[in-house]
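Take a look at the following structure, please.
When the chains are written out, they are named A, B and C in that same order, and each has its own residue count from 1.
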Amino acid sequence: MKERLSVAFVAERQIPPAPPPAKTGGVVGWLRENLFSGIFNTVATLLSFAFVAYVLASVVPWLFLDSVWNASSLQECRKIDDGACLAVINERFLQFVFGFYPDGLRWRPVLAFALMFIAIWPALFASAPRKLLIFTGLYPLLAYWLIWGGSFWGPVGVLAGPVLGWACVRWLPGLMRGWLDERLVFLAAVGVGLLATVLWWLFGVTVFDDTLSAVLAVDLDSVESARLGGFLLSTIIGVSGIVGSLPVGIVLALGRQSNLLIIKACCVGFIEFIRGVPLITLLFVAWLLLAYFLPPGTEFDLILRVVIMVTAFASAYMAEVIRGGLAALPVGQYEAADSLGLDYWKSMQLIILPQALKVSIPGIVNTFIGLFKDTTLVIVIGLLDPVGLLQPIRADQNWNGIVWELYGFIALFFFIFCFAMSRYSMHLERNLDVGHR
Amino acid sequence: MSMTGQPPVEAFRVSQLLYDTRYRSYTIQVFALAAIMLAFAWAVDNAVQNLEALGKDIDFGFIFETSAYDINQHLIDYDSTSSHGRAAIVGILNTILVAVLGCIAATAIGILAGVLRLSGNWIVARLMTVYIEAFRNIPVLIWILFTVAIVNEVLPGVRSFRGPEGMSGLFFDSVFITNRGFYIPAPIFEAGSAVVGAMLVLTIAAAWYFGRWARVRQAATGQILPVFQIRLAILVLPVLVAFFAMGSPISLEIPALKGFNFKGGIYMRDSLIGLWLALSVYTGAFIAEIVRAGILAVSKGQTEAAYALGLRPGRTMSLVVLPQALRVIVPPLISQFLNLTKNSSLAIAVGYMDATGTLGGITLNQTGREMECILLLMAFYLTASLTISAGMNAYNRRVRLKER
Amino acid sequence: MKLKTTLVAATAAVAVSAAAQGATLDDVKAKGFIQCGVSTGLAGFAFTDSNGNWDGFDVTFCRATAAAVLGDANAIKFTPTTGKTRFTALASGEIDVLYRNTTWTLSRDVDLKFDFLGVNYYDGQGFMIRKDMGVASATDLNDATVCIQTGTTTELNLADFFRANNMNYDPVPIETNAEAQQKYLANACDVYTTDASGLAATRATFENPGDHIVLPEIISKEPLGPLVRHGDNAWGDIVRWVMNALIIAEEKGITAANVDSMASASTKDPEVKRLLGVEGNYGEMLGLAPDWAIHAIKTGGNYGEIFEKYIGENTAIGLSRGLNQLWTKGGILYAPPFR
């Protein structure tokens, strides 16, 4: 068809686009689309609005308008107004945060908490200066020293153990080369290094500490574990549990994937056992049984025992998260590493783990959230975490009979913390996604 | 065999244990095994020494001794003259009860919330988001304490039902919701109720068979029968006929206020209600996310293809999307069930006598046999978990087979 | 084998720092403080102020022990224990002495391998109920819902009592006193049962204590006292005699205020002289300093002073001495002679 037909009913030019009808555009359109499309939706919308209005109408006056911030007892609160008696939170806020941590020393946990962010910075962001990683490595000992106090040389002595071991591995082979079979030199050096570290920890640290303290004492007032409580305790247990569980979890995950039958069986057994029992029973073990399995007379701080159990608990879940990350890698990555002639540890260290861990970060963060929430269970063994603090507060004659304000406050704290973490994990998930597809 | 590339058979040298990958793995494993066994032996040896020093022994004989304490909720006969073993079983049954009730309710809540969160209705979706985030980010222990506190503090006390001007119950004064729990009517079976029961079993079988027949018929002829209505009729009518023919053998026992408490009927105590509610709403939030992820995992093309075939949204959901989504949903769903069962051990915080409350609580306390009690307790939870995960693995295998 | 050497070394190292069984006294002196197990919180008996400092009737006995052994009433570490955890804490060596309203029973003494060292409070289990329920006797409690604190002998006594009287009841086991009292106040149970002293302490914290009555029946004997591990007799003797010293001090009228002057002034009473270390070498027999009893009495006064300060009739708890009066004044508080 070459020539154009001029027919009356064919439009010759395009009609300019008309604005959409009022019903489908703008606020009205949005409302129709999202709230009132159909009978069912309309009913649902009205019910939802009624629910929200009811909740707001009952909570807002109670929490904001009629609440009492300044009073010294519940009875006084009730006399002033009939809303929430937030005075109890006003009075006990610091106790909720620090437990019974001595008054004048509270800057120490705060400082430790602040330093934690510097310590995890290089672990999370590649842009951070690499040198900070040294600080990250030193941080656990520093935090321990800040929170529990005591002599500065104690943690330094503990740190000297691995340094000593490393020195053995680094320098011994050169010394031994002359009189030992070439192939055994390295192995022997590692053995000596390990032994030296352990022996140092067992015998050397105390002597080291005492000697240096005699020369130059750097002491902080020591704080006993029974004084730790509140959110400080939750954070200590949660953070050390997750940090400790990361290496153990990686080892377990690798062990579970390994071809070595016995090692695989042990790892699977451990993971399934831990995942099969409630955390409460593990805490009971920490509280009641752990002492039985240690040499007679060993005395162990309860918080340390709980941290050990919680670490074991978290590492089983961590292992599963990391196993997911390992499974998510294409087989080609493993094959490529093999074809380059890398041995098992090299291929894991250089090719597999960096990718697998990156993929697992959101899962790790989720495990952390779960662990942090689970720290509330320590009340069953008598530790005074925020929920545990309810007990002494309500046993106080002044606050006897208070319920909702305290639950609400604790819930709010956990919510803020966990919600922020979960948003962060989602953000990471999105970022990592881009890199991978 | 005449192989050309056959390597020469070397004499085995000790150093191969270290440098030859074929043998090294054995070396490593033997050493690992030795280390683990040594550590284990060390721990056991310590335990033996410690127990000896305390003059204790490991003796499970206490489970046959009289428990001497009462348990408020017992599904089997139990009183204070029963043995500790029986108390443990009562606790285990209570755990199973709250776990099963919780799993059912959590699934219902989770599916509802997950689907609603994807709904086009703006406010409903937002409300569901708030619900899910609130419950996922606050410890379950706080929810349990909170829920039981709500039951205790907000609901009316038993005494407010007392006297002529007292409150009356729901549903013609037969259901009483109090701060001590819910009192609901209990069925009483008299002679002849066996016939009604048998009829019920028969009709269920018939309804199931009819459904299968209707499906086969639809596949063969393309005709769709009103399956739901016919099934309902099959289920209800014969049972009703049997019920009246036998002279109404099943009646309801309605709780009535006598003395301190309501008598008769079924008593669901406050700790059960609170624990059940808290666990199911908490786990429901996680299940909602799983359901949502499962539905989103089914590619949009599937829905569009179904629409293109002319299927209505409801049928698209039930015939196309859900069967595919289920494969993604079920494994994490089961692990949520596992979590719920494990979390039910928090019952001790609100005085619900589950396995942790009897075996790991009062029994442990009264007998002082912590090693034995905790071992038994762990064995119970481990068995429960392994059973559930064995079921999950079986399901996974079945689903995987269907996938070509 | 290398591993084994390591393990042996580890065992040896830990054993050095550890206390040999049965030498708690040496261990305590080496550590420089006493580990004392107390209740997590029971008004009057053991409670913390907002700074976390422990105080109360039982706590003062603990402090007196520390003062006697180490000369410092603050050389002490308190471990709050629940009914569930107290015995294991003691057995595992986490605490050296348990001062926590613990009833002396045969099975605890014999089967759980502890030594009870006496009674510092004679108690008995009772019932508290709302006045307007119109109940006058515990035998009218058929079918009642009863809140109990778990982990004590309470639930066993209760089971016995209701069985013996052919009554039914609905036990509601609660872990802690605060929670149980919350439930009772919300009317989720009709009756609250625990030791009579605990009932009085709990009732004292209510907004309207007058609305609740304690029923007259006392359904059990609850001799409450301190306990230590079996087989550690030297340490047990110390804890026992610190308690006895406080009772004898009340008999002899020695108080926190006059103990110094009593010791320095030449008092006539030979028993007082022996007690305060002026005469004889009784401190040495116990392995303590001669003036141990002076330190103990200075901590919180004699038995009567401690009683009046924390739980006596002038406090919110408002307990009368009753059985806990001295034997010379109609009670059964009776310390063996100090000679």
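Everything that follows uses one rule, which is that a residue touches a chain if its C-beta (ideal position, glycine included) is under 8 Å from a C-beta of that chain, and two chains touch if they have at least 3 such contacts.
Note that the coordinates shown come from a computational prediction; the quantities given were computed from them, not determined experimentally.
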Graph class of chain-chain contacts, one of line, ring, star, complete, other: complete
Contact-richer chain pair [A-B vs B-C]: A-B
Centre distance in Å when chain A and chain C are each reduced to the mean of their C-alpha atoms: 40
Centre-of-Cα separation between chain B and chain A, whole angstrom: 28
Chain B and chain C, separation of their C-alpha mean positions in angstrom: 43
Chain A: positions in contact with at least two other chains: 288, 291-292, 294-296, 403
Residues of chain B engaged with two or more neighbouring chains: 53, 149, 153, 348-349, 370
Where chain C touches two or more other chains at once, by residue number: 21, 88, 179, 182
Residues of chain A that touch chain C when the two form their complex: 75, 91-92, 95, 99-100, 103, 191, 195, 198-199, 202-203, 224, 226-227, 287-288, 291-292, 294-299, 302, 381-382, 384, 390-392, 394-397, 400-401, 403
Chain C partner contacts - residues on chain B that touch it in the complex: 34-35, 38, 42, 53-56, 68-72, 79-80, 149, 152-153, 157-159, 179-180, 258-261, 263, 269-271, 348-349, 351, 353, 357, 361-362, 364-366, 368, 370
Residue ranges of chain C in contact with chain B within the complex: 3-4, 7, 21, 83-84, 87-88, 91, 111-113, 141-145, 150-151, 155-156, 158-160, 162-163, 169-175, 179, 182-183, 186-190, 229-231
Complex contacts: residues of chain A adjacent to chain B: 33-35, 37, 41, 44-45, 48-49, 51-52, 183, 187, 259-263, 266, 272-273, 275-281, 284-285, 288-289, 291-296, 369, 373-374, 376-377, 379-380, 387, 403-404, 407, 410-411, 414-415, 418-419, 422
Residue ranges of chain B in contact with chain A within the complex: 15, 18-19, 25, 28-29, 32-33, 36, 43-44, 46-47, 49-51, 53, 119-124, 127, 133-134, 136-142, 145-146, 149, 153, 342-343, 345-346, 348-349, 356, 360, 370-371, 374, 377-378, 381-382, 385-386, 389
